[in-house]
Amino acid sequence: MPIIQAFWAIIRRDLLLAFRRRAEMANPLFFFVLVVTLFPLAVGAQPNLLRAMAPGVIWVSALLAALLSLDSLFRSDFDDGSLEQMLLSPHALSVLVLGKIIAHWLVTGLPLLLVAPLLAVFLGLPEQAMGTLWLTLILATPLLSLIGAIGVALTVGLRRGGMLLSLLVLPLYVPVLIFASGAVDRAASGLPVDAQLNILTAMLLSALVLVPLPTAAALKMSVN
Amino acid sequence: MENSQHATLQVSELSCFRDERLLFSALDFSVNAGQVLLLEGANGSGKTSLLRILCGFREADAGQIYWCGNKISESSYFQDMAYVGHADGTKKELTVLENLNFALALGAPGKYSIEQALDKVMLAGFDDNPVHTLSAGQKRRLSLARLLITHNLLWILDEPFTSLDRQGIKLIESLIAAHIEQGGMAVLTSHHDLSMADLNLQRIHLQACQ
Amino acid sequence: MSWIPAPVSRFFHRTSSPPHFYALADRFIPWLTVIFLLLLGAGLYGGLYLAPTDYQQGDSYRIIYIHVPAAWMSLFIYVMMAVMGGIALIWRMKLAEVMLISSAPIGAGFTFVALVTGSLWGKPMWGTWWVWDARLTSELILLFLYLGVISLYGAIEEKRAAARAVSILALVGVVNIPIIHYSVQWWNTLHQGPTVSKMDKPSIHVSMLVPLLLMAVAFKFYYLIAVLQAAKLELLKRETSSQWVKALLEKQA
Amino acid sequence: MSWESFLYMGGYALYVWPAYGVTALVLLGNLFWPVWQRRQLLRQLTIKQKRSQVR
C-alpha cells in the first residue's frame, strides 16, 4: 500500500538525516547526563539522600532532555519547505506525522536507555530497580515524544517558540512523570509496579492513536 | 488522469484579508487543461497569498475553489497538483537521488523516471551529490525535477525563475511548455515575463485594494 | 450540520453573526447582572452570617464559599473552552473562537482565586501556606494549562490561525485533565500518607450547603457576564474595518 | 451578633477577609478590564473614522 510505503519512507529519511547530522544527535544525551550530574553537586553527595532522589532526578532530567530535543522534530522541515510538501501529499498527514514522531523517538528517546544504567550507578539506585527503570524508559519516552509533538506542531511557526513550548508541554507531561518515577521508586523499595506499568502502557497506546490527528491539524495551522 | 482533457481549476468570488487589509475580493478565474495563468502584481499585492490559498495552506476569507467541478476538498485535487515555492522542500544533507526518491514515496509515479527527469533538467550524473554542494540554480532545477517524476496535472509555481541564469530560464520555460502541450496546466507568479509566444497564456494583475 | 433541526440551526446562524450577537449581549447583560447580584447577596449573607460556625475549623471554613465554587468554575470553564474549540474547528464558527479566547482569562482568574483562597484556608489548618494537597496541585497545573492557552493565542500574530491553535490546545488539554487529576491523586496518597484533606469533604450541614450552591450558581452568572463583555471586545478588535462596526460608531457619535 | 464579632470571624479574620478580597479583585478586574479596553478601542476608532471623513 502506498501509504505504508510513505510511512516507511519518512522514517527511513529521518533516520538517514539524523545519521548525517550525528553531531547534533548526541546533544540531548549529554544534556541528560549533565543535568543528573548537577544534582549531587547541588544537594550534597550523601548516598542516602541521592538514593531517595534517584528516580525523580533521572525522570526530571529525561523530561528536560526530551523537551530540548523536541524542537528538531519539525523545525528543519518547516524551514526548508518539506512540511508543505508533506501537506500536499495525497496521503493522510497524520500517518506521515506518526512516522516522523517514531523516527524522532528512535533518535532521541532510545539512546537514553543506554546511559540510564550509568546514571543509576551515579545516584546509587538499587540494582533491583534497574529493570523497572528500563521498562519505564521504554514505555514513557515515546509518550514524551508523542505529547511533545502536539506542542511543537503548535509553535513551529513562531520565531521564538522555545519558552512557550515548555509552558504548553510540561503540564501535559505531569502524569508521565508521576507514574514513571513512581514505578521506579516503588521498585527501589521492592514493591510491585504492575499497576504503574499498566497505566503507562495504556497511556502509550492511546497516545499512539490520539496524538497524530491534533498534531496534523496543528501543523496545518502552523503552515498557514 | 483519463479526464485530463476536461480538467479545470475554477475560482469563484475569492477574497482574502491579511492583517485587516483586503488583498483581493471577488476574484473569479478559471484555468483549463493546456493553459498557463500568470499572476502579476507588485510585492505585497497578494500573489503569494493567492498561491497559498490554491495550495490549501491558507483558507480564503470568502469564495470557493473547484477542481473539475467539485470543491477541492472533495476532489482528486491534491493528487493532481504539485507546488514549488520559495523554500524548495529538498534536504541539504541528502543526495539528489535520495531527495527524489522521497518525493516519489510521498506521491504517485508520473511520466518520467528519475533518470529521465534528471536528464531533462540537466542534472544527469549528479545523482549522488549531496544537495548542499549544488548551486542555487541547480537546486531550483532539482525542485522542478520533482514535478516531472510525480503524477500531476496542475503546477503551482511561486517565482520559478529566481536565481536562474538565462539558460536556466529557457530550460524551465521549455519544461512548462512541454507540460502544457501534454494537457497539463500551470499557475505561476513571476517578475520575469514569459517569452513563449505560442503559449495559451492568461494574465491576472493583482492590485492591493485599499 | 444536517442532523440539527432547521430552526435550531437557523437560530445559531443568526445569533452567531457578530452584529446580532453584539446587540444581544447588550440586551442580556443588565438582566444577568441583576440575577448575579441577587444570588451573590443571598449566598454571601447565608455563608458569612447565617451559616453556623464549624465546630472543628471555626470560622475559617467560610472560605469554602469562594474556594470550592472557584475550583468548580476553573474546571467548568476549561471544559466550556474545549467545547467551543470543538465547535470552532468543526463548523468554523467565528463566534465560538471568540468565546473560547474570551473565556481563558476568566478561567485563569478563577484558578488563581482557588489557589490563593486554598492557601489562605490552609494556613490556619495546616500551619503552612502551601501543602502539596491533591486539589491544590491539580489546580496549579490547571493554571499552567490556562496560561499556555493565553500565551499561545498572544504569540501567533494571525488571529484566525491563533484561534485554531488554541482550539486544538484546549481539546488536548481537556482530554488530559482527568489523567492529570487522577495521577496527582495517586501521587498524593503515595507520598502524603495520612494527611486528611480537610477541603475535600467537610461533613456539611444544609445551612452550610445552601449558600455554597448559591455561590456556585452566582459564579456561573458572573462567568456569563464577564465572557460576554470580553467577547464584545474581541469581536470589535477582529472586525474593526467591517460595516457593522462603522455603523455602531456612527450611532454612538 | 455585632459587627465587630462578624468582622473578627472567630479569630480567622486575617485569612477569611483577604480570601474574599482577592476574589473580589480578580473577578472585578476580569469584568471591567474588557469594558475599559472596549471604550478605549471605540474612542480610537471614532477618531480614525473622523480623520478619514475629513480627508
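The chains carry the letters A, B, C and D, assigned in the order they are written, with residues numbered from 1 in each.
Operating definition for what follows: a contact is a pair of C-beta atoms (placed from the backbone, for glycine too) under 8 Å apart; a residue touches a chain by one contact, two chains touch by 3 or more.
Quick caveat, the model's predicted, so the values are computed rather than measured.
Visitor: Would you mind naming the chains that touch chain A and likewise touch chain D?
Guide: C
Visitor: Measuring between Cα centroids, what's the chain most distant from chain C?
Guide: Measuring from the centre of chain C, the most distant chain centre belongs to B.
Visitor: Just give me the whole-number Å value for how far the CA centre of chain A lies from that of chain B.
Guide: About 37 Å separates the centre of chain A from that of chain B.
Visitor: Suppose each chain is reduced to the average of its Cα coordinates; what separation in Å results between chain B and chain C?
Guide: For chain B versus chain C, the centre distance works out to 48 Å.
Visitor: State, to the nearest whole Å, the distance from the C-alpha centre of chain C to the C-alpha centre of chain D.
Guide: So the centre of chain C lies 17 Å away from the centre of chain D.
Visitor: In whole angstrom, what separates the CA-based centres of chain B and chain D?
Guide: 55
Visitor: At which residue positions does chain A touch at least two other chains?
Guide: Touching at least two other chains: 224.
Visitor: Hunt down the residues of chain C that sit against at least two other chains at once, touch-wise.
Guide: 158, 240, in rising order.
Visitor: Quick check: in the complex, which residue numbers of chain C touch chain D?
Guide: 48-49, 53, 58-60, 62-63, 66-67, 70, 102, 105-106, 109-110, 112-113, 116-117, 120-121, 123-124, 222, 225-226, 229-230, 232-233, 236-237, 240, 245-246, 248-250, 252-253
Visitor: In their shared complex, at which residues does chain A touch chain C?
Guide: Touch list, chain A to chain C: 150, 154-155, 157-158, 161, 164, 167-168, 170-172, 174-175, 178-179, 182, 203, 210, 214, 217-218, 221-222, 224.
Visitor: For the complex, which residues does chain D have touching chain C?
Guide: Residue list for chain D touching chain C: 1, 6, 9-12, 15-16, 18-20, 22-23, 26-27, 29-31, 34-35, 37-38, 41-42, 45-46, 49.
Visitor: Which of the residues in chain A come into contact with chain B in the complex?
Guide: 2, 5-6, 9-10, 13, 16-17, 20-21, 76, 79-82, 84-91, 96, 220, 223-224
Visitor: If we count contacts the way the header does, which residues on chain C are in touch with chain A in the complex?
Guide: 89, 141, 144-145, 147-148, 151-152, 155-156, 158, 161, 164-165, 168-169, 171-173, 175-176, 179-180, 182-184, 186-187, 190
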